[in-house]
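Input: structures, listed below.
Two complexes come next, and they have one chain in common, subunit A, joined by subunit B in the first and subunit C in the second.
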Partner chain A sequence: MIDPFQTLGVEARFDLDPDDLARRHRDLSRALHPDRYAGAPAAERRLSLSRAIEVNDAFRVLKDPIRRAEALLRRAGVPVGETAEPKPSPDLLMEMMERREELGDARRRKDLAAVHALADAIRLREREVLASMGRQFAASDPDTTKLAAVLPELGELRYLRRFLDEASAIEEELSS
Partner chain B sequence: MAYSEKVIEHYENPRNVGTLDKNDEHVGTGLVGAPACGDVMRLQIKVSDSGVIEDAKFKTFGCGSAIASSSLATEWLKGKTIDEAEQIKNSMIAEELHLPPVKIHCSVLAEDAIKSAIADFRSKQAAKKALSGQ
Partner chain C sequence: MALLEIFDPKAAPRPIGIDLGTTNSLVARVRDGKPVVINDCNAVALVPSVVHYDPRGRVIVGVDAQRLAVDFPRETIVSVKRFMGRGADDPETRRLGPYEFVEPKTPEEAKSVRFKVRDRAVTPVEVSAEILRVLRSLAEDELRSVGGAVITVPAYFDDAQRQATKDAGKLAGLDVLRLLNEPTAAALAYGLEKQKNGLFAVYDLGGGTFDVTILLLDDGVFQVRSTGGDSALGGDDMDRALAERLLQELGVPAENRPRELVRLALDTARKIKHGLTENDRVEAEIEVPGGTRKLAVTRDEFEALIKPIVERTGVACRRALRDAGIAADELDGVILVGGSTRVPYVRQYVEKLFGKPPLCDLDPEEVVALGAAIQADILAGSKERADEVLLLDVLPLSLGLETMGGVVEKILPRNTTIPAGARQTFTTYADNQTGFDLHIVQGERELAVDCRSLARFVLKGIPPMPAGLARLEVTFRVDADGLLNVTAKELTTGVEQKVEVKPSYGLTDEEVEAMLMAALDHGEEDLEKRQLIEARVEAERVVLATKKALVADADLLEGDEERTRIDEALAGLEEAIRGSRAAIIRGRTEVLDDVTHGWAGRRMDRAIAKAIAGKDVAAIESTVAQARGVEAHLAEHAGQSAPEGDASGTGS
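Coming up: the complex of A and B.
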């Protein structure tokens, strides 16, 4: 897999500045725009096009904190994915099960305010987890041996994301 | 991704969705999750005094394959003894549902859930025995 940090020419860190990242993407996209290569030889046109696709893919990965964390871990040789990660803690599972059931109940009651409130609480948690992950990634630079310790929080982040995706689908459904 | 007909059938008509009283001494509860996809699965069994699973319920927040795997698991569990239930393997679930390789982990999750429900039931029974022995 291509290193998205390298592709966009940004420092490999978790707490990237989103504006800086967007600027970098815009500049590269502009430089690689097909219009600039209209008169260029076919090989060069193909190359610039595939570079432009790489740049877009890398931007999508780095914009998303979950995929950005996965990319950082892969870079450091920490395996991520289905079988590689530690099992979620029973407390987290219990909590996510309860919150998801509450969300389902709120949906059945068509209680939009309750859905908002549940989502707000999880968004707050998400911010805390992101901040903590940022600290952990920073602390493990350059000593990447500590990086595996980020995995439980990465797992938690995915649970929170799932919850928020579900909540926004319900918010949309109930407000239409 | 294309789901098999059997997955879609279970997804649209999940069997045995619900909750059993987790404090009931006849009930074993398994709560498992897949961190890579953010799935959470609860599977519960109610075991009679003769050791037969008389009821099974599940609740899964996850993809269609995870829902189908746990739905099928509860179907299979009912009427089985605990020992028979322990023989259920993820490969049997995956085969029955025609799960593609990228979704095999959903059947693994269901097997984990069965095992953990049985373990919970057994630890309750052991605690009960220990208590009555005193």
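Coming up: the complex of A and C.
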């Protein structure tokens, strides 16, 4: 596994500035993109393609808070992935089930406003979880053994994300 | 202008940009730093994308073919772009006009539609190549020698459609430098012209396809945020809707329509549509068995007919905005592309949808070719632009694999920046399973049957073991043209079995090569000559690039030994170039590639280091600028005026 932080040449931390990250991606693309090697020998063209793929992939990982958190944990040797992590709390499961039922109801009623409202509430919650994760990552900074404490929130984030994906699919369906 | 250029038999090859459109095609090039379209001898740039096959085996393209379309509807292919990369069983192919098709005999043949014209079977790739040949010769008339070409494709084209377009270019004898998405090309033409930064939407409604793209322009970097659209929606649909009304008015029953009459109705509909751009009411005459009939259509009637078609574009626009994570009012501008955006109702709809009047100061039918010419110029090594401009495009449709139960597992989601790659591991689901079926699909739907099937292959020779133990690693790579390449590896036994598959659309590389040979007058002999020229061009490019690098980055060579190896390989290649054997030139090019590989990696590392360091310098400068802003602010509050020079730098 290639370290995405290293590929983009940024510090390995959770609270990366998205604008800085985008700028770094653009600067690297300027140097590496296959367009810049269009006239180069075949070996260099291949190399530029592989490097550009790596840079794009690293950017994709670091842009996404879930995958960024996973990358940080993996670097510290904490196993990630839903099978490796602790099971989510019954409270969370219960709550998400209720929210999804509400979402399903709104979809059946074709109530776009209700879908928006549900999604907005979850988005707010997502922001809170992200902020809290940021604090936890910062607090565990040199002591990486504390990192596993982030796992429950990471799990929650995945549930929220799935909910939002579903909501946006319903929004698309109802507004078309 | 071309007449003023001094004839030079050894004129340097010049790059061109081609807009291969559904209705019209055109070619452009960069002259004195500015993109211009190339006209024919009648000062017309647009070549109708119409190809006629005459009884003597000749091929007629453009306006002349268009004239023949009414009398020879089956021998004249219009809107061939809509057939690109489509299979014979695709329902769309039957809907698209009065053609006869060759019934496929094998599943492989069924992957591509084949038109039956005068007892010949022609594929959409061959038809498109005829159009490209005409454009190439137009360009050659003006430039003497054509270098590489950039050909544009709708952003929404899938892998099969892109592959087919690239092959058409090859078949027309073009060195295809890059396939470029049309909206990106349009933005490039606009962005350079207007020197604007910000978020833009490109609304591209052509003859047969609709694309919408949201992109960010930031100091020369054109970054596509999202793209969407409909590869079967365009002005042709407006013509069809209107033609349908005309035929109803003429009392022609839907079940029994002579193909000639359908083509005539479509032609009349198109003329009426054009007329309604300037007029509120248009009259037309149509020849039917038994005499001439007069018909009249008002703009209101036309708008009511096309409303559902135009509204379909709104769905894709909203999705593109959502994918980009922005609201319509965050856009800085909307760029119109495609002949169909001349329709007033379309402009009104776009204005309402995005809440601002669209930009249309460049000709919507030329803007794509102009952008393609700029990109071709950059790729061919135009120094001043290459350092400024970079296009970062995205994958238009998700790529995935069919898994158990026919469900698609997405490997690369849509709107991933390209080039892109991803790796996924799979396992066997039955005991002692020795083969693994891989089905690669493209699209957004959950079930594989609803997506576009790109390729199927079987990875064989997995050693027998219990279910779930074998580990199969599948790697997807999408290059800068948006073309996919898949490799699969079996990991468990330590034995790496690699299968490489390029998705096909029904024509194999051999078939393309055979067609190319048939198209040349002396077949094999010409092909050899051509291969020699191609090998030499590539070799000369490599020699030049290597020599340049030896001057710039000699310090990155690891000792005299590496230098000696490179010098020897260089000398060997130069000697081969002077000879006349393509195979030797290619072999020695590879040798040079090999010995420079490690050094090339180090040079690329240096380029990266520079890119990052450049960034840091910029960051320091912006901090300094901010500090100066604070000083100015303080000065102002102290009752002094801020120095004027500071304010002017941030003006819009």
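Following the convention adopted for this analysis, the second predicted complex is superposed on the first by the 174 of 176 C-alpha atoms of A that agree within 3 Å, B and C clash if a C-alpha of one lies under 4 Å from a C-alpha of the other, contacts with A are read in each partner's own complex, and residues count from 1 in each chain.
As a convention for this text, a contact is a pair of C-beta atoms (placed from the backbone, for glycine too) under 8 Å apart; a residue touches a chain by one contact, two chains touch by 3 or more.
In this text the structure is predicted, and so the values were computed from the model without any measurement.
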{"item": "Partner chain(s) touched by A:A42 [first = subunit B, second = subunit C, both, neither]", "value": "second"}
{"item": "Partner chain(s) touched by A:R51 [first = subunit B, second = subunit C, both, neither]", "value": "second"}
{"item": "First (subunit B), second (subunit C), both or neither touched by A:L32", "value": "second"}
{"item": "Chain touching more of subunit A, residue-wise (subunit B, subunit C)", "value": "C"}
{"item": "Touched partner set for A:M97, first subunit B, second subunit C, both or neither", "value": "first"}
{"item": "Touching partner for A:K146 - first (subunit B), second (subunit C), both, neither", "value": "neither"}
{"item": "Which of subunit B and subunit C A:R109 touches, first, second, both or neither", "value": "neither"}
{"item": "Which superposed partner A:T83 touches (first subunit B, second subunit C, both, neither)", "value": "first"}
{"item": "Contact set on subunit A toward subunit B in their complex", "value": "80-83, 85-88, 90, 92-94, 96-97, 100-101, 151-152, 154-155, 158-159, 161-162, 166"}
{"item": "Of subunit C, residues touching subunit A in the complex", "value": "177-178, 218, 221, 223, 315, 318-319, 322, 378-381, 386, 390-392, 416-422, 477, 479-480, 538, 541-542, 545-546, 589-590, 592-594, 596-597, 600-601, 604, 607-608, 610-612, 614-615"}
{"item": "Residues of subunit A that touch subunit C when the two form their complex", "value": "9, 23-24, 26-36, 38-44, 47-49, 51-54, 56-57, 59-60, 168, 171-172, 175-176"}
{"item": "Residues on subunit B engaged by subunit A in the complex (per definition of touch)", "value": "31-40, 42, 59, 61, 105"}
